[in-house]
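Presented sequentially are two complexes of chain A, the first with chain B as partner and the second with chain C.
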Partner chain A sequence: MNPTILIARKEGGELLMSGRGLAWLLALSIIMSVLCLLLVSNTELSLLDNAQVVYMVMGTVTALGALLAIVIGSDALAGERERGSLIPLLLAPVTPSQIVFGKLGGQVAGWIVMYLLSLPYVWAVGSSGQNLTQAVAYLALFGTPVVLGFGFLGIALSARLGSVRPALLTSLITLMLLASPLLLGPSLRQSTIGRLFDAVNPFSAAINTFDSVVIDSQPLTMQITRFAVTLVWLVMTAAFAIRSMRKMEI
Partner chain B sequence: MKKTILSLFISILLMGLGNAWAADPLTITLGSDQANPSSPQMGDWLKFRSVIGNSGSQTAHGVVAWISLVQVDPGHEQPVDLEDWSAHKAVTQATLEPGQQVKVEWPMRLIQSGAYRVVISAVDRVTGHVMTSPFVDFQVRRKPVVESGRILPVAFGVPALVLGMIGWRRYRSHAGA
Partner chain C sequence: MLMEISKLKLNLGTHAVLRDVNLTLHKGQIYGLLGPNGAGKSTTISVVTGLRPPTTGSVRVLGLDPASETLQLHRRIGVLAEQAGFYDWMSAGDYLRWTANLYQIKLDQSEIIRLLERMGLDGKSPAAISTYSLGMRQRLGLARALINQPELLILDEPTNGLDPRGRREIHDVLLDLSVNHGIGILLCTHLLDDVDRLCTRIGIISLGQTILEGAIADLLSAQSTTARYRIRVEPGKVPERLPAGITLLTRSGDWWHVEIASQIEPADAWHSLLNEGLRIDEIHRASGGLEELYMSATEVKEVAV
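Right, the complex of A and B next:
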């Protein structure tokens, strides 16, 4: 069997098959439930706010997916080192690329489960039905490269920094920086710096697309540039992870 | 003293002339469309009809008419940004001949619940005075934006399902051991 698939199966299995590993899934569902219960208790929402609520849930799912990816990614190589299992892994007949893509398997499995788990919530809050199908499709289309890009970043920092804690901290700070548009809102990003940041930030590209598609009902043709930004992010972080893996010091 | 009285007299005279000039030729009517729902709720469409006429003896140039919406709920009195309510917010007419009338329809999607007052205003290039129509009041019923009937089963059901899966795995691992 391909070593990448072998590593990916091991990583995915550890995340999804153990009782302890499923605790993150419970935490995620509780976060989503609390968010939805807060929304249902709000009586001041206007009709347009329904699409806004769907957009908010999509942004939250993407942010939680990225958080999961960097936590798993930060542990990917530095965790192996701390557990003493890194040398056997490096001695195995696998290339750095195969290790990186295999380690990504856990993040892919986690993201797929998280995405599937979020669908009932998206359906529940999208009661007006405005662009609900698009919301489901675009969450997969734009959420996936953003989340997996954070996964690659976590793996890269895990390889470079050699310890879980600094890798996790650096990844979290990067996530907070890139996900800041989720908190700031569009009006606070109208300055030149804000627009420049939005133009190159993959997280902004994803949430601006969610806004554009779900709230403003704009077509896919208007999202091509943003999709390219998320793909560039994915490719760049993948290259960074492979390069970091090759340069990793034992 | 004489100068002061003369100045006052001239001022009053000019003010009078000003009022005479202000006799606006534009007239505006406003009414609710007969097809409008009697008790509209959020998401419904309303249509208002107005007729802008030139009752003066001179042609009005550069006439602009626009719709304004005000929320009049006690304690929530505020003008409403029509951005989301209507794409048909103003009409222009290059010239309006004496006796000529323009009929305008103002469709509107009801976004938020509450008591509202709609009014049409118009201005022409020369007089610079704003003419307003009589206003029309309407009430928008609230429609649940987030349905508790959909959310509550999901919000409680999904964590319970995940908890059940964790419990089942633990039970299986203990049983296996």
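Right, the complex of A and C next:
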């Protein structure tokens, strides 16, 4: 079996079978349940347009997926180093790229489960409205590169910083920075700097696409540039992770 | 030749960690790499295993350059690193199977059980590695190092955490690998007893520099160190004179503290004492030999620097 798949299977299995992984999925379920309950039952929030509600759920799932990816990524190499299991892995006939892509297995498994878990919630809040199918498809298409990009970023920082805590902290700050469009008001995002930031920010690309597709019913052809931004993000973070792995201090 | 290191230097940042390391290891030989803490032993291992490229100098392991032919090298060597970490949630059997797959080796259940039992572990145990003691983890680490049937074993403190019986068992395994299978072993250790029992050749590193290297017998004779022994002799018996080369240092009841000159084999010394009509009931080594050699070598180095 290819070493990448072997490592990925181990990482995915470890996450999903461990208390850590199950606790994360339970937390996700609780967050999504509370959010959806508020969206359909709260007096003010229930007045939101159906598509608006689906858009909010999609943004939340992407943000939580990115958060899970950086938590797992930050532990990927630095955690193994701290537990003493990294050196045996480095001494096996495996290339740094194979280790990095294998390590992404945990994030891929976590994201797939999160995505599947979010579908009933998306359906629950959006089944009576328009563009539900598009919402499900675009969450996979745009959410995946954004989330896995954060996974690579976590792995890269884990290799660069050599310790879980600083890697996690730096990844979290980066996530907060890139996810800030969710927190900023529309007027700030319309400023020159806001628009420039939106144009190159993969998180914004995904969120703006969800807005464009689900709320404004715009076609895929209008999302090409944003999709390219998410792909560039994925490729750049992957290259950063591989380079960091090669330069990792043992 | 399995390993040849010549004039190895390694700088980490501005700090020269290795300054002049030299080492030669042949097939079937057990080589003891000795030195005080922080001397550069583990760093030398990281260079010969390709984890760090050398700054200057020549390093050839199994005819390969570890820095550029890393994967080929990793397929042919087995390493037990100082920090032997595992995936603690796996059982030992599952872990070895996973590691074997990483090497693209197919091992069936019976082979895994045999390998674990050879190391003194229960091959069928479903217990997670997290429940293992330090000694059991060392044994598992050694089993892992042997998974790919390596031509060269590199072991960093392999008997660390083992009880005397466990150490003896691991010694026997290493001697078997060396003598019967021709595997070369680079043994990095603090325990001179391990070296005394296993190694034929040693290198002593201090402050990133090889200060002594060669066959133990040659080094001991060149060093001209005297050996000191405590012997218990027949009560009340005192010969008029001791044989040449044997000096009585102190006497306390039946116990004598004697020094034997380096050119005399201990067995010959005991024989000559017996010829003098002295009955020897017990012999204990007090100092000299490898320990003396190590102490004087590292002491001289520290004074020189």
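The criterion applied here is as follows: the second predicted complex is superposed on the first by the 238 of 250 C-alpha atoms of A that agree within 3 Å, B and C clash if a C-alpha of one lies under 4 Å from a C-alpha of the other, contacts with A are read in each partner's own complex, and residues count from 1 in each chain.
The working rule: a contact is a pair of C-beta atoms (placed from the backbone, for glycine too) under 8 Å apart; a residue touches a chain by one contact, two chains touch by 3 or more.
Everything numeric in this text was worked out from a predicted model, so none of it was measured.
**Q** Taking the superposition as given, does A:70 touch the first partner, chain B, the second, chain C, both, or neither?
**A** So A:70 meets neither chain B nor chain C here.
**Q** Quick one: is A:159 in contact with chain B, with chain C, with both, or with neither? Answer first, second, both or neither.
**A** neither
**Q** Can A:84 be said to touch chain B (first), chain C (second), both, or neither?
**A** The second partner, chain C, only.
**Q** A:167 contacts which: chain B (first), chain C (second), both, neither?
**A** Neither partner.
**Q** Which of the two, chain B or chain C, is in touch with more residues of chain A?
**A** Partner touching more chain A residues in the overlay: B.
**Q** May I ask you to decide whether A:40 touches chain B, chain C, both, or neither, giving the answer as first, second, both or neither?
**A** A:40: touches chain B, not chain C.
**Q** First (chain B), second (chain C), both or neither: which does A:56 touch?
**A** In the superposition, A:56 contacts neither chain B nor chain C.
**Q** Regarding the shared-chain residue A:94, is it in contact with chain B (first), chain C (second), both, or neither?
**A** Second partner only.
**Q** Using the touch definition from the top, say if A:214 reaches chain B (first), chain C (second), both or neither.
**A** The answer is neither, since A:214 touches no partner chain.
**Q** Residues on chain A in contact with chain B in one complex and with chain C in the other?
**A** Residues common to the chain A contacts of chain C and of chain B are 17-18, listed in rising order.
**Q** Which residues, counting only chain A, touch chain C once they are in their complex?
**A** Going through chain A, the ones touching chain C are 1, 3, 6-7, 10, 14, 17-18, 80, 83-95, 250.
**Q** Which bits of chain B are touching chain A when the two form their complex?
**A** Interface residues on chain B, with respect to chain A: 42-43, 84, 109-112, 142-148, 150-159, 161-163, 165-166, 169-170, 173.
**Q** Provide the residue numbers of chain A that touch chain B in the complex, in ascending order.
**A** My answer: residues 17-19, 22-23, 25-26, 29-30, 32-34, 36-37, 39-40, 42-43, 45-50, 53, 117, 120-121, 123-125, 127-128.
**Q** In their complex, what parts of chain C are in touch with chain A?
**A** 46, 49, 51-52, 71-72, 74-75, 77, 79, 81, 83-89, 98-99, 101-104, 144
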